[in-house]
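There are structures below to look over.
Next, two complexes with chain A in common: one pairs it with chain B, the other with chain C.
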Partner chain A sequence: MEHSNPTPKSRASEIPIYEIPGGIHPEEHKTRSNQADIRSLPLADELVINLKGQAGNRSLPVVKAGDTVLKGQVIAECDGIFSAYQHAPTSGEVIAIENRTIAHPSGLDDLCVVLKPDGKDQWCELSPVTHLEDMDREAVLAQIFEKGVVGLGGASFPSHIKLKQHEGIHTLIINAAECEPYITCDDKLLQEHTKDVLLGAEIISKLYQDIDIIIGIEDNKPQAIDAIKQARQELGLSNIKLGVVPTKYPSGGEKQLIQLLTGKEVPHGKLPADLGLVMHNVGTCYAIQQALTEGKPLVERLVTLTGDNCKEPGNYWIPFGTPVEHLIQATNSETPKRLIMGGPMMGYELPSAEVGIVKATNCIIMSADGELGMDQTALPCIRCGACMDACPASLLPQQLYWHAQADEFDKAEEYDLFDCIECGACAYVCPSHIPLVQHYRYAKSTIRNNRVEKIKAEKARERYEARQERLERVKREKAERHRKAAEARKKAAEEAGKKDPKKAAVQAALARVKAKKEAQQSDTNEADQSKADDNNSEGNN
Partner chain B sequence: MGLLSSPFAKKTNSVTRMMLWVIGATVPGLLVMIYFFGFGVLINLLIACATALVTEAFVLKLRQRPIVPILWDGSALVTAWLLALALPPLLPWWMTVLGTSFAIIFAKHVYGGLGNNIFNPAMVGYVLLLISFPLEMTTWLPPQSLAENPVGLIEAVSIIFTGAASNEATIDMLKQGVDGYTMATPLDHIKTELAQGYRIPEAETAPIIKGLSGAGWQWVNLAFLAGGLALMFKKVIGWQIPIAVLLGMGLVSLPLFFANSDYYLFPMFHGFAGATMLGAFFIATDPVTASTTPKGRWIFGLGIGAITVLIRTFGGYPDAIAFAVLLMNMAVPMIDYYTKPRTYGHADKKHKAGGGAK
Partner chain C sequence: MDLITAVIILAVLGLVFGGMLGFASIKFKVEGDPIVEQIDEILPQTQCGQCGYPGCKPYAEAIANGDEINKCPPGGEAGVKALADLLGREVIPLDEERGEEKPPSVAYIREDECIGCTKCIQACPVDAILGAPKLMHTVIIDECTGCDLCVEPCPVDCIDMVELPQTISSWKWQQPDQMIPVKELEAS
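Right, the complex of A and B next:
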């Protein structure tokens, strides 16, 4: 990888900041939601907790309809290691475990635990860790695992898996860049819970024998930067450094932030861990701190409620499963024109306002008419290259588009389609209003499907060939058996003929019967076997 | 496809806006041209624009495409506009019509319309006219200050549409300078003089040679430079291609000049003569037909600059922006293919086996 020269960009940064290519400066819209203090909203009448609320496998419910649960009680267990625990976000009664529309652009249903709060919001017994210093690595990871902590930056990757690898990790990067417009939850969390976040980061750092911590933050968050400096001094934490990066979308992308803070690129097909780096989000640090020192499982998160139609914009602690509809009503907001979960650059439009908040939900945008996603007709690409200048991965978006729309997927792959992080910078700048990312998503999913189809076809072909071979073999064996039987018959007849003609006739008859039986038996076996084989191949298809 | 997924935020820019900026930025140059060469320039412009819009609408109808939104993108207008600015001021009207309609139909729509054409339509139209009507296309009026008989609006209209001047003055008289010689462009003048055995210092004594390049022409180029810089600062065009074109001219003309200043022009003269600034800032930067990779933009621009000087110096034509642009247009697919930038996280192309080869 090339190391670009460090260019001191901001005086506030405590480490050298490197350049990243491309990037855009969309309107921030952050002041709307970062003025008010963090608040809470009244509980919803019903919480719809999506059991597929993390990356990996769907959690397995351990409660049934009619059960009463306390806040923080486990309601669903992990399905294998690549999954997460789910806890009751409040006390109340489980009224159903059924399929509901989940927070996904497709509008698909999935299994949800539906909880009716009793209004008491009563915690179950919590088991905070008393001697954190004495705990070994495994015990800390177990606690993080059992408290259902997943990455809160957006991907909801189970944290215990990410923290597992510890060989050769030398730096922990805390992602506080929050480069998406509108979203301010990490900023506010850093301002109001600074110490908890820093202590959470320290817990992670201890898992790797006190490695250095860099907090990567955009220079548009001066209050959070000051808060970090002050808290760091008060807590006497000397291993935390601030990496203040210029405000530019998408500086908060994992790969981009690594490049900004270290000048290194994560090699294609590798992970940050291969560079000795591990990155966690601000919210995740807070959740880990809460899980250990308070013993609190992850049952709520800070969510930015914003948009032109949101009448009380700000950051709120929202219990998981709270329907978005409730958030609209509780903030006296108008019915949004477009309802976006996440930011305007990488979020997705919700299929319905009934879906519940999940662990990945950092923002809900209740947009007004014309605020977001003006449906402009796409004009032809004029190859102006504005997209190329905006691409943080140094791709040629115009070429990717050209090949994707022509279904020339091999060419698109040649232009490194799969290195596209779908940040949307290209589509943002496109003067022809082409929804470029949409074309890339289409191309990527088609290529993935084709790969799966290819493997399937390959397997089917192998199966078919194996079957043909076996049928051949059986046929050969059968012919062989018939031949042998005939020979035996002939031999027996000959032998009998030598001794006694009468006995010989009987012998010959017996031999004929025997041969016939044998032949019949082998026929039936064969029939059975080919029938079983047919069933098998059907099942596989 | 409609908007189905992120991003939902959108920069407020559009192709139409870009095209209108391009047109707007040519206005200083246009005004200077009218000042020096009379109303013929403006009449050419109107004829070309009308032809382009009518042709575009007609072809869109034939191709069963939506007419209004595509007409509105402004690209046909820009083609006509740039072509008209390159035409001599008293060109017969039907030549302008022919060049413009050829540009729209054959250089643009035959390839599939906006975004799909390989060659710069305006330059295709220009070259068609230049090789079909070399005399008319190289006959420029003297700048008004040097003209014996300056051309007024009525004369310009009359000559363009009927081929005859309104008063007793003949066209040949209008084309004469104060010294009685037929006026050519400064580049043309130098070329003719050199062919007649004169040296450049002798050729430069003519009244038409003045200042940076020639009377009138230096101001035309300065005005297009100003408009071009505005486009650059408004980020309507990238800065790489115009700079590369001028650099390419310098890189070829400077060594020649130092080798023998009797036969080779000073780089500054090249820079401010003929269609240099119009070409560098407005024509070479046509997004559709230019290279679109970071390195490719430089190669594309340098090539245009170098070829222009080479043809002006050693070729048969006094100016060569159009030929240079078309030649480099032809090379764009190859340039783009071999100048793919290194993707994030990938090794250098050099180390990648078969990175460029196919």
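Right, the complex of A and C next:
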């Protein structure tokens, strides 16, 4: 859907801004964390690095307990292409590779590398790229891949996969919208490391031919906007355009920001790349710049620590694997009532304070009692339709809710459940406080599980049928052999009978014995054969 | 004359339509019974035989011929509901005699106790057990449907059914409480 009349709402924007449906204006709570400069905290006593800290496959550990590692050394390799390298966030000793509670709403355990820092924080030998201009596309991608760069906007999608497709891409969008309340890490990163971020965007743009660069940013970040303008002038990167969008949640969603900046909607089941667009977060740009010009792998990220119970709110460079407990202590904070990883809208409550920070962690909210208003009990739906007006994806949240709670998943899918971005705008406006997003998540995860089960059932059916067929075949072949043996016997007897009846009787007896022996032989062979078949079919599947 | 014309016309019409029907019956022939396929789609393909038939397909055929839809414990209540939807029958509770709905599990062979008799290999309906005579056997977990059929034939009782642990990838969100909150008022 293309709007014919772009609405120039913000004067600062250098490109026309379009509109998105729905959206909400929650209290921002950003000022409490974006006042102080970026800081670091003392190292934790123990780092718990989750090997499934990215979208895709779990990384494979290449160190073992007792190994000493330097900061930036590879500790886990990719399992296939859809995975990421992991590096030691500091120097020290690997004390265990074991299951620990990880940062995941389930509160389940998964494989982690536990690292005991030696306090020296000593880097391994870094290999910065000296002649960036001379590198070809593949070499740049390889460097990004080896440095473990993943999307830092929240989904941790491995960057090398996103960057792989280059045909038909005409616009690079840098997502600096940061629309979720409380979170300010992208804002601060842009203010303090403006040039690095812009250079990172420039490196990405070199991977494509003739590409436009747009930085999409909300108009509640005037300092970052000024910083970009200044740095752009100093670096002479006049090709970078600023798209300043009005502050509204969730304008930082990938599809929403695309619609705001280009007026185009990403169709159902399609990717932004199908529209010739690619989007990266500012944090990812910074990480890519560090990976190439400094040779530094992704071992830490900027995390917003905030919430009513956080005594020193702000943005901190946190090495991956730092336990949240350590962050609470290091900022002299009170034990939070609720500990949220991510923002108040899309984040999730942590199962324990012992979990380590992962690449996706942009914010930790140490909330006080009643701060996030999640204690309200759900009341019956009054069918007011407020959720529909708030939905940025133009879905029918109420309809989805009815179907999800009645386990009518096929109907929920018909109403495009999977186009829901789980932004929580519907639940925010719901006067009955129905946890709508939780219903959608329940429906989505059940549908996904059902699909996996379906595939498994299909495989079992195939194997069952293959086995039935094999048993049939073996039976048929056995019958055939017996028939042939009987025929041969009969023939031999007949031929012998023609010459000498006495001799014939003896011959017939001999032939019978021989045939019997043969049959036995072939039976054992056949048994072996069927065993071998067993093994083969198992090996093949 | 009229009579003969009428007879001829009817005869010709009959031949034409007969030909068309004959053609259609060959051209649009339906292989197998589609309803059996649809029922088989819903059944969980554990091939456990708890329904009393030697596999999911035979049970699907039996259902199509009028057998009850509640004889499949691995399919559970959800399976009965899906079958009822498909066939336009009443949803009935699972037949308890057939067993009960159990959490997903797989067979596990205690390998040092296995004597290599191949009995379990012969019992496995989906060829998920690997081994050779007088050599240790093992279960390919990814292929095991958890049907229990290998447990019984084992002469040394070295096969356990182990519940599959929940992992990050198999975990799913729980449905929020559906209860309408009830507040008890204190008697004044």
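Convention: the second predicted complex is superposed on the first by the 444 of 541 C-alpha atoms of A that agree within 3 Å, B and C clash if a C-alpha of one lies under 4 Å from a C-alpha of the other, contacts with A are read in each partner's own complex, and residues count from 1 in each chain.
The working rule: a contact is a pair of C-beta atoms (placed from the backbone, for glycine too) under 8 Å apart; a residue touches a chain by one contact, two chains touch by 3 or more.
Owing to the predicted nature of the structure, the values given are computational and were not obtained by experimental measurement.
Engineer: Is A:378 in contact with chain B, with chain C, with both, or with neither (first, second, both, neither)?
Structural biologist: Touch status of A:378: both partners.
Engineer: Going by the touch definition up top, name the partner, chain B or chain C, that contacts more of chain A.
Structural biologist: The larger set of chain A residues in touch belongs to B.
Engineer: For A:415, decide between first (touching chain B), second (touching chain C), both and neither.
Structural biologist: Only chain B; A:415 stays clear of chain C.
Engineer: In the superposed arrangement, does A:255 touch chain B (first), chain C (second), both or neither?
Structural biologist: Touch status of A:255: first partner only.
Engineer: May I ask you to decide whether A:105 touches chain B, chain C, both, or neither, giving the answer as first, second, both or neither?
Structural biologist: In the superposition, A:105 touches chain B and chain C alike.
Engineer: When the two structures are overlaid on chain A, which partner does A:435 contact: first (chain B), second (chain C), both, or neither?
Structural biologist: The answer is both, since A:435 touches chain B and chain C.
Engineer: In the superposed arrangement, which partner chain does A:445 touch: chain B (first), chain C (second), both, or neither?
Structural biologist: second
Engineer: Is A:467 touching the first partner chain B, the second partner chain C, both, or neither of them?
Structural biologist: A:467: touches chain C, not chain B.
Engineer: Counting contacts the way the document defines them, which residues of chain A are shared by the two interfaces, the one with chain B and the one with chain C?
Structural biologist: Residues common to the chain A contacts of chain C and of chain B are 105, 377-380, 435, 438-439, 441, listed in rising order.
Engineer: Which bits of chain C are touching chain A when the two form their complex?
Structural biologist: 40, 43-47, 55-57, 118, 121, 125-130, 132-133, 140, 143, 145, 166-168, 170-178, 180-181
Engineer: Spell out the residues on chain B that touch chain A in their complex, using ranges where they run on.
Structural biologist: That would be residues 1-11, 13-15, 17-18, 69-70, 73, 75, 113-116, 238, 287-288, 290, 292-294, 297, 336, 340-348 of chain B.
Engineer: Quick check: in the complex, which residue numbers of chain A touch chain B?
Structural biologist: 1-2, 21, 24, 26-27, 105, 181, 255, 259, 265-270, 338, 340, 342, 344-349, 367, 372-385, 388-389, 392-396, 398-399, 415-416, 419, 422, 424-425, 427-429, 431-433, 435, 437-439, 441
Engineer: Quick check: in the complex, which residue numbers of chain A touch chain C?
Structural biologist: Residue positions touching the partner: 52, 102, 104-106, 108, 110, 377-380, 404-405, 435, 438-439, 441-442, 444-446, 448-449, 452-453, 456-461, 463-468, 531, 534-535, 537-538, 541.
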